[in-house]
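I am attaching a structure below and will ask some questions about it afterwards.
Chains: A, B, C and D, in written order; residue numbering restarts at 1 for each.
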Amino acid sequence: MNKITSLADLKKIKDQVQSKIKLRENSDVADTLVQIRVGMATCGIASGAKETMNFLIEETEHLAIDAVVTQTGCMGYCYAEPTIEVTLPGKEPMVFGHVDKVKAREIIDRYIIKGELVDGIIPASYKTIDEK
Amino acid sequence: MPRIKLSETAIQTIREVCASFDNQEGELINVLHKCQEKLGYLPAEVQELIAQELNMSIAKVYGVVTFYSFFTMIPKGEFPISICMGTACYVRGAEQVLNEFKRQLKVEVGQTSPDGKFSLSCLRCVGACGLAPVVMVGEKVYGRVSPQQVKQILAEHQEGCMREAKSA
Amino acid sequence: MAEYNTQILICGGTGCKSAESDEIGNVFKDLLNEYGLDDDVQVVVTGCFGFCEKGPIVKMMPDKTFYVHVTPADAEEIIKEHVVKGRQVDRLLYKDPKTKKSVSDSQHMDFYKKQIRIALRNCGFIDPENIDEYIARDGYMALGKCLGEMTPEQVIDEIKKSGLRGRGGGGFPTGLKWEITAKVKGDQKYVVCNADEGDPGAFMDRSILEGDPHSVIESMAINGYCTGATKGLVYIRAEYPLAVARLKTAIKQAREYGLLGTDILGSGFDFDIEIRYGAGAFVCGEETALIHSMEGLRGEPTFKPPFPSESGYLGKPTNVNNVETYANIPVIINKGAEWFASIGTEKSKGTKVFALAGKINNVGLIEVPMGTTLREVIYDIGGGIKGGKKFKAVQTGGPSGGMLTNDFLDTPIDYDNLISAGSMMGSGGMIVMDEDDCMVAIAKFYLEFTLEESCGKCSPCRIGNKRLFEILERITEGKGEEGDIHKLRILSEVIKDTSLCGLGQTSPNPVLSSLSHFMDEYEAHIKDGRCPAGQCKALLKYEVVEEKCTGCTLCFRNCPVGAITGERRSVHYIDQSLCIKCGVCFEKCKFDAIVMV
Amino acid sequence: MEMINLTIDNKPVVVKKGTTVLEAATSIGIHIPTLCYMKLDDLNIENKPGGCRICVVEVKGRRNLAPACCTDAAEGMEISTHTIRAINARRTVMELILSDHPSDCLICAKSGNCDLQDMAHRLGIREIHYKGAQSMYREDTSPAIIREINKCILCRRCEMMCNEVQTVGVLSAINRGFDAVVAPAFEMNLDHSVCTYCGQCVAVCPTGALTEVNNTAAVVRALYDPTKTVVVQTAPAVRAALGEEFGMEAGTLVTGKLVAALRRLGFDYVFDTDFAADLTIMEEGAELLNRLGRHLQGDPDVKLPILTSCCPAWVKFFEHQFPDLKEIPSTARSPQQMFGAIAKSYFAEKLGKKREDLVVVSIMPCLAKKYECGRDEFAVDGNPDVDYAITTRELASLIKISNIKFTSLPNEDFDSPLGESTGAGVIFGTTGGVIEAAVRTAYELYTGKDLPRIDFHELRGMEGIRKATIDFNGLPLNIGIAHGLGNARQLLEEIRAGKSSFHAIEIMSCPGGCIGGGGQPYHHGDADVIKKRQMAIYKEDSNKTIRKSHENPYIKKLYEEFLGKPLGHKAHELLHTQYFDRS
């Protein structure tokens, strides 16, 4: 990694990262790219988030789904761990709770592949700093 | 107090840990953490060596060890059982679960079963309140534990070692 | 790609479920089938929408129409009007209480979103182990802005104007604290992050460090810039291995980018961070004790003044703030003090993260603007009480706080209101209790915690809390005496008045607050030998009601200690000498043949 | 100097910035009770944990009561020390402390001398409303100190003395919460630890948690054993403090009454450790001159500085902590042991008795002396040179038990010959005294001239470490003095690092020297008591006609008749010792 030596540099990095994300969204694969985040805080991991994440990686690979599976922190829905957030191309992010392997299977088969919603969606009930 | 003799490797390990913190007295807690991580517990002999290496009094080392509940002078069992005693777990019945463990294992909190297999301790909140009550066996977390499950949790580990014993 | 044109989302949150949302779903499915729409319209059950008071809730997709108070009888109209004709059913729409106008879709009714995520803004969004994701969301911009465009005084001024108060419990104005440390002269100063989260039932600091460690690092650097400190120390619980690992990774990445180290962003400002580990002592959350612990000593508090800002770590000026406090700083700098101050109440600005737990449906981490009521938190966000039981109290402030009853459900939450209600903000644990929780036992639970965590240095805390605990213990065992309540009161007041540090000064709060709200429970224990909540085992026993027992053997099979005997199809008996009063038989019996007496 | 105005109980008071509320109150005659707090002014010793909470007062505008001992006076403060709230809080806290303390006051070693008992009385506690479990710890008995930790109230004074003042580091607060207590590591017995038995923990303990091992019963048994001749020696510091036990003003010299009392107790011979102190100077002075002479001749094997070795706690300290330096201290035994060795040889011969028929008892201001007389090297065939060492306090108790009205006793003289001493012998009782006595003799022996002046004021005082250079006829002799083992440690570390320029150093374990010993009447936190004892010691010195050890005619006679010359064969056998590595 190169050192960031000025505020301008920092902004440049920010733009780069953001445009990378945009590029990904606007590229040829934009139609198919699925982003999946897995809540991997202590309570998530304790409830099996690691297994869920591994399963999602393996299965999307196995089914040749163009997906990026990343970890993230606590989403706050401790009662519904493990939780994952799935963003289908061009759609709003959707959070699912209680995602064990069975649920993950269902989410892949029905939501990711067919676009059908599945039970267990957790509606986002908060505002972000940009909404406020 | 029965004395134990530290192995040469253990002595070496402790010395290295102390040296890695420049043998600074102020690093005592870091040193104790590292030593416990490597040796499992902090018996008197380990504390004496640490005191010597950091050039401080044994009483002070002992004073610190006995102040912090994370440090233990008793070797943990092969399967250390920790019961979360956070409020969320408490109101969801952690005490009953703890009592059941005590009853099954016939040990008190802070003790290890005579066969060295299980040790019992209580934790402050582990932050998995959504799963309350929570029990940890080693690294494994059990959520929403009821007293009835205790027997099964213990059996899981007992069987585990029996299998290992057989295969060995 | 999608096969369905329309999706009907039905809230499956417990609040709505108890109000027949299952039934609604079934009616929809049947009707769709009837109308031959089941290939076009999908019915989906979701988690809680967090608007439980208006439940059951049905949301239509893709147009996001939000129907409230839906009953099974409304299903047909929704299908006929909304699905078939594309017209909204106005009478089921939410009416804005101010304008009395209907609000058509959830996008335009964001006021139903009770939470605002400031401290948790990145938790659950970014990969905490990837600094680029943090930067993409304005990460380190606040630090850049401070170093490049603001003087330390201006930054402090901005923090002061924001009205941010310490989120660790005390609520001391953060800007003022920074200013004091900045003004003290010293060749070396320190910035400390208190991550020794220890309230049983609070885990927001852990979540922030696990989900957004860079926000803490960035803020500590800003703090260093303001106060003149070049070294930062994070004092973190050793029981949080994941948080430690993520923090370490984040520090490493920040160093690699030069965001920690020398000459940060070309400004000439040097700052770096080290990690120190707690070792399981709750009292180390108190800042003087924390500092002693970082020095390798027993974590015993010392009398203030001198405050750490004058004489802290190694005797040097030291600014101590907690994780959540730090997590707010970058947003204040980026969005401005005014923006931040526009959220919250007059004296408590911004938001507060709470760990909502206990007998509540949606256990979780929430962040609400100061001034939100307990009712909104418990019923709208928390989804109400588990199992449809009756709400009894909510405990805030952990072992330093108190119980808040029904009477306080509509009190706006802020530092001052909670204190005048006999509790306190604390670090943000919020434990909900229902009718099954005995308040004497809860007070005893907290006292036991304090007892174990008291450092033992001062006599009122060391001995006084032991005596308090002993009195509570005998009350819960049915051995309470006349005069015990008076003793609890007097002793509590003296412990509060004379203890050395905050731990002792607040330790009797659970006792005092339960005494003031639940005197009847204390009296029932002492005078009638009865635990109204049925929780104090010494005061209850389980018995079989012979007339109701069918001899199904379910209790017999589930009893963990073999205390129940009886043949199949004949009345069973409980051997009281063996019974451990676990209550399993009581729960398992399908015929109400086991009673608690 | 910035001045602060405040009012205490409506009385205005002006104090310097940095003054505590407690000190401000004291300055206008308001006596706020304290328990854990202790300040020994001139000795730089302060214990201020703010733990007991007895001294709480009401400060207008503050939410909680404030501990007067650690609250600084601030401008405009309004303090009330005896509102109902403050009194109730204080009494309740006291009740709490008592609820975790055994109530066997009547038979406690500390009864009548106990700060906790006094405070309970002062606060008028008549009932303990909050009874409950008490901490239970086992009792630990060592050669000198008994720990009865059930009586510990966690004032932390002993811990502070052991760690900060003495840097011995045996005691620490251990455990947490209700179980917290002050104890050695692993709750081991003191005799397994590096404890020096200096007894400073005992000297400051406000309760009966730390007391001395009581040997009075054994002494009484010996006194009533017709087959034994019982010889007693009394250390110099005893005569400057014993009167306090009988209500006399601190600093009252009671030498004559002390002798009279000992005689009435039935001791067959009442002798003076001062005599042995003179003897110590002969040996130690000779050793100093010997090493100095060899050093000046360029002998590379000679080790300087020479360190005094009269103090047994100090000896044990360096055996544990600085065993690498054990060749440096003088090999001269302490006066107590020199006395014992001479009494059981020279004097026994004179009486025509076997050493076994003699019982030597010493009256000491010290607890470590109990340990010292039990060291193996100070016995012949299992018969110790000194049989029993009892403290000033124990002697007072014996006198009381024996129906002797101390204050009415006539002044009597010591017996001869081992009761004859010089002013040099008596100043052994204070810090700086041993080295001053040594200088008086060494100067005259080295230069062959009479001292122009006998009083070396440059060697006196209460500072923890003192340095002076004495002109030995052109040879500048660098003298160091340390009292308190922490101060000694500083000088020893300089020596270890090769940075010491001293020729001789006097070290005493107890702050103030033996007058501040662990066996003296309790000072109850008043440093003036120790200073007054010091003045008494110097007064006794100046009252003496002979003030240099080598001029003591009975010492001369002892060498002529029995020992030969200083450092000679017999002297070496009886008066010198060796040290052991105890690390």
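We take it that contacts are C-beta pairs under 8 Å (C-beta built on N, C-alpha and C of every residue); 3 or more make two chains touch, one makes a residue touch a chain.
Just so it is clear, the model here is predicted, and its values are computed rather than measured.
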item	value
Remotest chain, chain B as reference, centres from CA atoms	D
Of A-B and B-D, pair with higher C-beta contact tally	B-D
Most central chain, Cα average position	B
Whole-Å separation of chain centres (CA-atom averages), chain A against chain D	74
Between chain D and chain B, distance of the C-alpha-averaged centres to the nearest whole Å	45
Approximate Å spacing (C-alpha centroids) for the pair chain A, chain B	36
Centroid spacing, where centroids are CA-atom means, of chain C and chain D in whole angstrom	57
Chain C: positions in contact with at least two other chains	203, 206-207, 240, 281, 298, 357, 363-364, 452, 455
Residue list for chain D, restricted to those that touch at least two other chains	173, 175-176
Numbers and ranges of chain A residues touching at least 2 other chains	42-43, 77-80
Listing of all chain pairs that touch each other, if any do	A-B, A-C, B-C, B-D, C-D
Chain B partner contacts - residues on chain C that touch it in the complex	198-203, 206-207, 238-240, 276-282, 293-299, 314, 355, 357-359, 363-364, 395, 398, 429, 431, 433, 437, 442, 445-446, 449, 452, 455, 558, 560-561, 580, 582, 584
Chain C partner contacts - residues on chain D that touch it in the complex	49-53, 56, 64-65, 67, 70-72, 85, 88-89, 92-93, 96-97, 99-100, 129-130, 132-133, 153-154, 173, 175-180
Partner chain C, residues of chain A touching it in the complex	1-7, 9-11, 13-14, 17-18, 21, 37, 39-43, 45, 70-80, 83, 85, 97, 114-129, 131-132
Chain C-facing residues of chain B, complex	24-30, 32-33, 63-64, 67-71, 85-88, 90-92, 96, 99-100, 103, 123-127, 129-130, 132, 147-148, 150-151
Chain A-facing residues of chain C, complex	1-4, 7, 9, 11-12, 42, 44-51, 59, 61, 110, 112-118, 120-130, 132-133, 135-136, 138-141, 144-145, 147-148, 203, 206-208, 210-212, 240, 242-243, 253, 256-259, 263, 265-266, 331, 335, 339, 343, 357, 361-367, 381
